[in-house]
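Next, two complexes with subunit A in common: one pairs it with subunit B, the other with subunit C.
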Partner chain A sequence: MMNKTSLIALALLVFMGFYPLFVDSAWLAVGTTFLVFSVVAFSQDIILGRAGVFHMGHAMFFGMGAYTTAILNVHFGWPILATWAPSVLIPMAFAFVLAGPIIHLRGDYLLVATIGFNIIFIQVLENDVFGLTGGPNGIFGIDIVRLFGIEFASQTYMYYMAFILLGIALFIMRNLDKSKFGRAMFYINKDEIAAQSMGISIRYYKLYAFIVGAGIAGAAGSMFSVQYSAVSPEAFNVTQSIMFFTIVLVGGSASLPGVLIGTFIMFVLPEVFREFETARYLVFGLAMILTMILRPRGIWPVKFGDIPSYLKKGVK
Partner chain B sequence: MSEYILEIKHVSKYFHGLVAINDLSMKVKKGQIYGIIGPNGAGKTTLFNCITGIYTPEEGQILWKGKEIKGTTPFKIAELGILRTFQTIRLFAEMSVAENIMSGRHIKSKQKWYNGIIHTPAYYKDEKENWEKVGELMAFFNLSEYATTPAGDLSYGIQRRIEMARALAAEPELLILDEPAAGLNENETLELTQTIRKIQAMGVTVMMIEHDMEMVMSLTEYITVINFGAKISAGLPAFVQDDPVVVEAYIGSDEEDEHE
Partner chain C sequence: MDIFLQQIVNGLTIGSLYALVALGYTMVYGVMRLINFAHGDLVALSAFVGLTVYTQIFGEGITSLIAVVAVFMFTAVIVAVVGVLLERLAYRPLRTAPRLSAVVSALGAGLVIQNAVMLIWGPNMKIFPSEIFPSTIWAIGGIVVTFTQVMILGLSSALMVALYFFINRTKMGTAIRAVAIDQDAAKLMGINVNRIIMVIFIIGSALGAVAGLFIGAYYRGITFDMGWMYGLNAFVAAIMGGIGNIPGAMLGGLLLGLFNAMITGYISTQWAETFTFVLLIVILVFRPTGILGEKVAEKV
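Here is the complex of A and B:
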C-alpha cells in the first residue's frame, strides 16, 4: 500500500539518487550541501519542532562536529573515518553540559541564552584557542575519506556520502517519532503541565532532544568539513543558526517533508537565483513573513494520528 | 501501613501572603470515592495542585502510603501512581485521541534510552502492549471511532472522557478528578457516574471536586467541605448535606465566581 506521501518520497529518493548524473560540479556541490544542511535542519527540528525548545544556536553543534574532524585530522593526523565517532560524541557532550543549566528557561529566555553560547563558540574559534582552531581563517587541508585503499575524493563520492548520512538521519527521526521518547517531546511541546502530570520529566526529554540533535548536527559537520576540505568560523555563526531555525518554522515543525522543503527554499533557491544577487534576499525575507502569516504551522505541517492500523478499525 | 492511602495533615498554602489553603487535613481510604466540595475560589483546585506537586505547600504534610510527598515534582508524583484530570481540560489538542491516551502509558512503557534512536525486539513488544492498552481504554470510554481525530476538534463531553482515559492509562492507584461533570449534559453526567463506579471497581481510589450535588451525593463515600481554604465540614454525604455551616457557605456565595 502506497499513499500519496510515500509516492512523493519515493520519487524524490529516485531523483536525489540520480541527481549527480545530470549536473555539473557546481550544482553537485550545491546538492551535497543541501543534503548536509537537511541533516542539520532535521537535528534542529528534534529540539525545536519536537521538544519545542527555542534553540537558536544550533550552528554551534554543527561547527563542533566540523572542527572536531578538522582538528583531529589536520593537527593530530587521524584518518577521517576515525574522527567520525568523536565528531558526534563531542557535540553531544557539550549539549549535555551547556543545555543542562538553561533547559528550565522559558522559550524567549532560552533563545537568548543559546544565541549567547553560539557567540562565545565563534569567539573561541576566532581566537585560535590552544592553537587548534586556526583563528578567523579556520583550518585548511582536511583529508578525504580513505577506506581499503579507495580514495573517496570526487564530489560524486561526497554527494553519495551525504546522501547516506541523510538516510541515517531520516531513519533516526522515524525511530524517534515512533518511540516513547519522540512522543514525550511532543507532549511537552503541546502542554508542559499535562505532560508532567502524566509522569513525563520535562528536563530529561528536553535534554535528550538536545543531545540527540547535537550528535546528528555533529555528524553533518564532519561531512561538511570533508566536502570543502576546510572549515572557518563564519559557517557556524548565529546567522547560520537563524537559518536552521527558520528552515524548521517555514517548512513545518516536526514534519519530515516540511523540513526538506524548508531547506530547499532557504538554501537551494538562493543558489538558483544567484544572478539576482542580493535582491533575492528581499524575496526570501518576504517569503518568510508571508509563510508565517498564511501558513503559521509551516508549508507542509506535521500530521498527527499515525497510530497502529488495528486501532483504526473503529474509525468511521 | 495505615488504611489510609493519602493523608493530608495541617497543610497551608499561601500566594503572596494570602491564604489559599488554611490548615487543611483529610484522610482518604484505599478504594474510596472521596468528594471535595465548596464554593468557587475555596481552594479546592489549589489542594489538588498541592497533592500533584504543581504547588508546594508552605506548611503541613502530604503522606502517600505513609511517606511524605510534599515538594516532589509532578512527574514523580505521577510515577507514584497519582494521576489527575484538569478543571480546564488540558489535552494535547493537535494530537489524535489515541496519541493523547498513549501519553498515559508513558510511565508504564519499558523502552530504553536507545530506543529513541534504534528499535529492538523488546521495543516492538513494549510498543504493541501499550497501544493495545490504549485500544482497550478507547473501547471502555467509547472513543474508538475518534482514534485518529485531533482531540481539540471534539466536543467538551468527549474531551472529558479522553482526559479520564489518559489518566487511567497510567494505571493509577489514586485518580484525582477536578470537576469531571463540568459542562456535561444530564445524560453525559449519568454516564460519567457509572464510569466512575466502574473505575472504583477496578480498585482505583478516586478523589473528586464536583459542583453537581446530585452526583456528589450519590457517588462519594466521604466528603470534605472547604470554604476560604479551610475545612468547614466533613463526613458522610447525608451528614454534610444537612450541615447548617455548609448550607450557609453555599447560600452566602456567588456560584458564578471565577475559579482559582
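Here is the complex of A and C:
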C-alpha cells in the first residue's frame, strides 16, 4: 500500500535522481553539498534527535572524516577509495575517547563540552599540528575517485556518489530504527528514568549513538573533501555545528522528512538568497525564532505513537 | 615575578568582565533552565550603543564624570530594554515547549542581534573612544595598572556585591530565589513569575551592558561578531562555577580570567582556547555540576 508519505518520498527520490539533468554546474554543486549535508544532519539526528544527547560539535566529526581523506591522500599518497575506511573509523574512535568521560553529564553541560571539543579541533587544524593539517589554509589538491581505470571526476559523478552515500545513510538509519538499538532509543527518548529502570543502559546506548553518528559524519566528510578537492578549517567550525544542530530541531528531530526539510531550509535557501548578502542572516534568525514559536517540535515532527507500530504487529 | 603579578592584574580584569557576563547567563539559566545564547551578542550590542551615545550626544574628547556616568546609564537602559523584548518575543512563547526549541530560538535571536549590529554600524572594526576614561597609569613596583583596569575591578566588584545582597537580602531577591527553585510553587505563593523573569533579564542585560562598555574601553577595537567569543568564555565561566549559582558565576569568571592570563603569559596564545576547554572538561569530569554547584537528586 502506498500512503501519502511514501508517495512524496518516491516523488522526491525521482526528482533528486534526475536533478543533475536540469541544472547548471553551480546548482549541481549545491545539490551535491545538500546531499552531503543531509547525511551529516541525519547523523546529528541519531545523536541529538534519537539518543537525546545535546551535541553541538558535530562539524568536528564531519571535519575529521574530511581531513583524514585529505591527509592520507595528499601527504601519504593513498588512493581515495582506500581512505574511506579510516575516514569513518577515526571519527568513531575519537567519538569513543572524547564522549566516554562526559556522556553522563546533564544536557547543557554536554552542549558546552561538545562546543569545546569543536573549538579544540579547529585550533589543532589551524596550528598545523605535525605539519599535517596545513594551518588556516587547509589542504589542497585532493585526488578524485578512480576505480577500474574510470575517473569519477565530473560534478555529475560527485552528485551521484553523494546520492548513493545518502541512500546508504538512510539504509543504516532504517536498520537502526528496527533493531534493538532503535527500540532502546525510543524508550530512552520517551522517559529516560523509566528506561533505565527497565534495564536499558542509557550510557551504553548514548555512547553507541554518538559513535555511529560520528562514523556517518566522517563518511560524509570524506565525500565533501573529494567534492571540493580541498579542505579548510572554517568549513568545520562551531558555526557549522550550530547549523547541523539547528537543522535537526527546525526540521523535526528523529523525523526523516523533517531533517531533509531542515537541511533544505538551513543550507539551500541561504544559497538561493545569496544576492541579499547582508540582510539574509537577520531574516534567517527571525525565521528560526518564528519556526520554533509556531512549530516547537519542528516543521515536520515525527509522530510518536505510544507504542511503535512494529511492536503492535499481531496485537489487537 | 613581575610578569606573574602583571598577569594576575590582567587576569583579574578579564575575569571580572567574564564574571559580569556570566551572571547574566547564570541568572537566566537558574530561573528558566535556558542557555541564553543571545546574551553574548547583547554584550557586543552594548559596546556599539555606548560608542554611539558617547560620540553623538557628548561629542568626542569630553571626559567628565557626568558624561561617563550618563553613557553607562543610557547604554544599560537601552540594552535592558532589548533584553526584556528578547525575553518577551523569543523566549516567553516557548516556556512550555521542549527545551531545545528555546535553545534554537536563542540562537536565532543571537543571529538577529548580531546582524542588526552589522547592518547599523557596519561590518568593520570600530574604535571605542579612548577618552572615556583618563589615561592615567600607575606603576607599582614592576607592574603597570591602568585607570581602566582599576575602574573595571572596582565597579565590577561593587556591582557583584550589590547583586549578592539584592538576591539574598531583599524581598525581590527572595522571590527570584523562590522562582528558581520551583516556579509553580512560587506562583501559588503569589509571586508574579513573569515579572521576576523580566527583572532577571533587566539585571542580566544591564550587567552585560556594563561589561560590553568595559570591553570597549579596555580592548578598544569592537566588532559586530565579538559577542560570540566573550559570551562563550563567560558561559564556560558560569558552568565552571556551577550554573544557576550566582557566587559560582563570579568565582568561575575570576578563575577563568586568571587561568587565561597565565596561559597566554607563560605558555601560548595560539592554544589559549584549547586550554580553556580542557580545564572545563576536567572540572566537569571531576565535579559534574561545577565547582560550587550542588548535587541535586533527580526527582522521579
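The rule is short, and it goes like this: the second predicted complex is superposed on the first by the 304 of 316 C-alpha atoms of A that agree within 3 Å, B and C clash if a C-alpha of one lies under 4 Å from a C-alpha of the other, contacts with A are read in each partner's own complex, and residues count from 1 in each chain.
One rule holds in what follows: a residue touches a chain if its C-beta (ideal position, glycine included) is under 8 Å from a C-beta of that chain, and two chains touch if they have at least 3 such contacts.
What you are looking at is a predicted structure, and each value in this text was computed from that prediction instead of being measured.
Contacts of A:76 after superposition: neither subunit B nor subunit C is touched.
Residue overlap on subunit A between the subunit B contacts of one complex and the subunit C contacts of the other covers 193. Those residues of subunit A that touch subunit B in the shared complex are 172, 175-176, 178-184, 186-187, 190-191, 193-202, 208, 212, 304-305, 307-308, 310-316. Remark: subunit A residues 48, 54, 101-102, 104-109, 111-113, 115-117, 119-120, 123-124, 126-127, 193, 242, 245-246, 249-250, 253, 278-279, 281-282, 284-289, 291-293, 296-297 touch subunit C in the complex.
The residues of subunit C lying in touch with subunit A in their complex are 29, 33, 35, 89-90, 93-94, 97-105, 107-116, 118-119, 232, 235-236, 239, 243, 270-271, 273-274, 276-278, 280-281, 284-285, 288-289, 298, 300. Residues 52-54, 73-76, 78-79, 83-84, 86, 90-96, 98-99, 102-104, 106-107, 109, 111, 113, 115-119, 123, 127-128, 131, 134-135, 138-139, 144-150, 166-167, 170 of subunit B are the ones touching subunit A in the complex.
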